[in-house]
Amino acid sequence: MDVLYFAWVRERIGLPRERIDSDAATVGELVAELRKREARYAAAFADLSALRVAVDQELSDFDAPLQGVREVAFFPPMTGG
Amino acid sequence: MRVVVQQEPFDLGAEAAAFAAGHRDMGAIVTFTGVVRDLPETPITAMEIEHYPGMTEAALTAMAQDAGSRFGLGDVLVIHRFGRMAPGEMIMMVATAAPHRKDAFDAAQFLMDYLKSRAPFWKREISADGSVWVASKDEDEAALSRWKG
Amino acid sequence: MRVVVQQEPFDLGAEAAAFAAGHRDMGAIVTFTGVVRDLPETPITAMEIEHYPGMTEAALTAMAQDAGSRFGLGDVLVIHRFGRMAPGEMIMMVATAAPHRKDAFDAAQFLMDYLKSRAPFWKREISADGSVWVASKDEDEAALSRWKG
Amino acid sequence: MDVLYFAWVRERIGLPRERIDSDAATVGELVAELRKREARYAAAFADLSALRVAVDQELSDFDAPLQGVREVAFFPPMTGG
């Protein structure tokens, strides 16, 4: 699955996207896996209330299932307009 | 309905005139234009907007369709830029056409409220000291609540 | 601030572009344009607008000034035509510039609500059968109440 | 004083403006005088709730005083915008 990072999440993790093979059943489980990887991931995912997630390009939430999903994106609250 | 996501500037005058010319059966046309404020006292030299290619277009299209059916619009236009903009440059515009004024105004405000907090754009202010991500505002999130249900 | 009462058509694109270009320190620009609806099923061949020369300009200027101070606007534009207009022609426009979007939207709606019921214009619809004065609407009068006090 | 008529008030009375010398103290007294003149005035002023009045080009009401006033206008509710 492709995992994308935007804005300061991208900056903290240090890359815009990566390919991750994971057995995580939900977004929340994927986040738990990522947090354990390295300090920069732990820092990016420290406060989930400051993060938003999109699953296959649709806004979603952290208990969304990942089965069959091709793309997950993490980012701060949007500031368009 | 037209949704445009682009890096280049757009021409508000040409867009507004073309949009209005296409809707002679609509009595009310509203446009909203967002501008990078050019304030003499701030050290901001540019605004940079990051977006999520693919999702951005889909999200704006869904919002425009939702506005169209909720408010019985004759047409909707959404243009939103990404990339670097100087103070004074236009960031985005929406236009709505409806039979009567209340729906045209409501639809434009609905679109703006959703755009602010639900379209995947992230603003960063650039100054000589570096750059700062613009924080989302509680009031923008609160503005959405009036459209619920 | 600019208030124009004229018989001739106006150029929405040129007016909107010029208005926006003059307000680079304002983050939000809203325009409203009113159009004589061109509906295939109606027999209306023209709209004729009578006004009260002298009082019209004074009333629109007072409304624009009131909107400017209530909503902290950077600028206001009001253009309103009189005389005979064909279906599809633009009747009037307002434009507002404010630091943030809520004030720009509120000010434009405030202006429209006052224009509808307090500016000395009277519309008449012309058809092959003769002409009919457009009746004022209770809802337009009601729309004013939210701005009281 | 100049008295002006607009829209269907103008049509019913049959002229757009006229010079009237009156001792009426208020708009209401002026209306009462006009009503007595001729049937077309009585018709135009039959229902005051359907009329609006401007005194010296400012929206006003029917008990407004006329002392020093140069211009009074009668018309139906406005339909601008």
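Note that the chains take the letters A, B, C and D in the order they are written out, and that residue 1 is the start of every chain.
What we mean here is this: a contact is a pair of C-beta atoms (placed from the backbone, for glycine too) under 8 Å apart; a residue touches a chain by one contact, two chains touch by 3 or more.
Values in this document were obtained by computation on a predicted structure and should not be read as measured data.
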Exercise. Using the contact definition stated above, find the chains touching both subunit A and subunit C.
Key: B
Quiz item: In whole angstrom, how far does the Cα centroid of subunit B sit from the Cα centroid of subunit C?
Solution: 23
Quiz item: Cα centroid separation between subunit B and subunit D, in whole Å?
Solution: 48
Self-check item: Distance between chain centroids, defined by C-alpha means - subunit A, subunit D (Å)
Solution: 72
Exercise. Would you mind listing the residues of subunit D that make contact with two or more other chains?
Key: 81
Quiz item: subunit C: which residues touch two or more other chains?
Solution: 34, 101, 112
Quiz item: Can you name every chain pair that touches?
Solution: A-B, B-C, C-D
Quiz prompt | Residue ranges of subunit B in contact with subunit C within the complex | solution = 11-14, 16-18, 20, 23-40, 87-88, 90, 99, 101-102, 104-105, 108-109, 112, 143
Self-check item: Touching residues on subunit B, where the partner in the complex is subunit A
Solution: 34, 49-50, 52, 54-55, 58-59, 80, 91-92, 112, 115-124, 133-136, 141
Exercise. Would you tell me which residues of subunit D are touching subunit C in their complex?
Key: 4, 6-8, 10, 54, 57-59, 73, 75-81
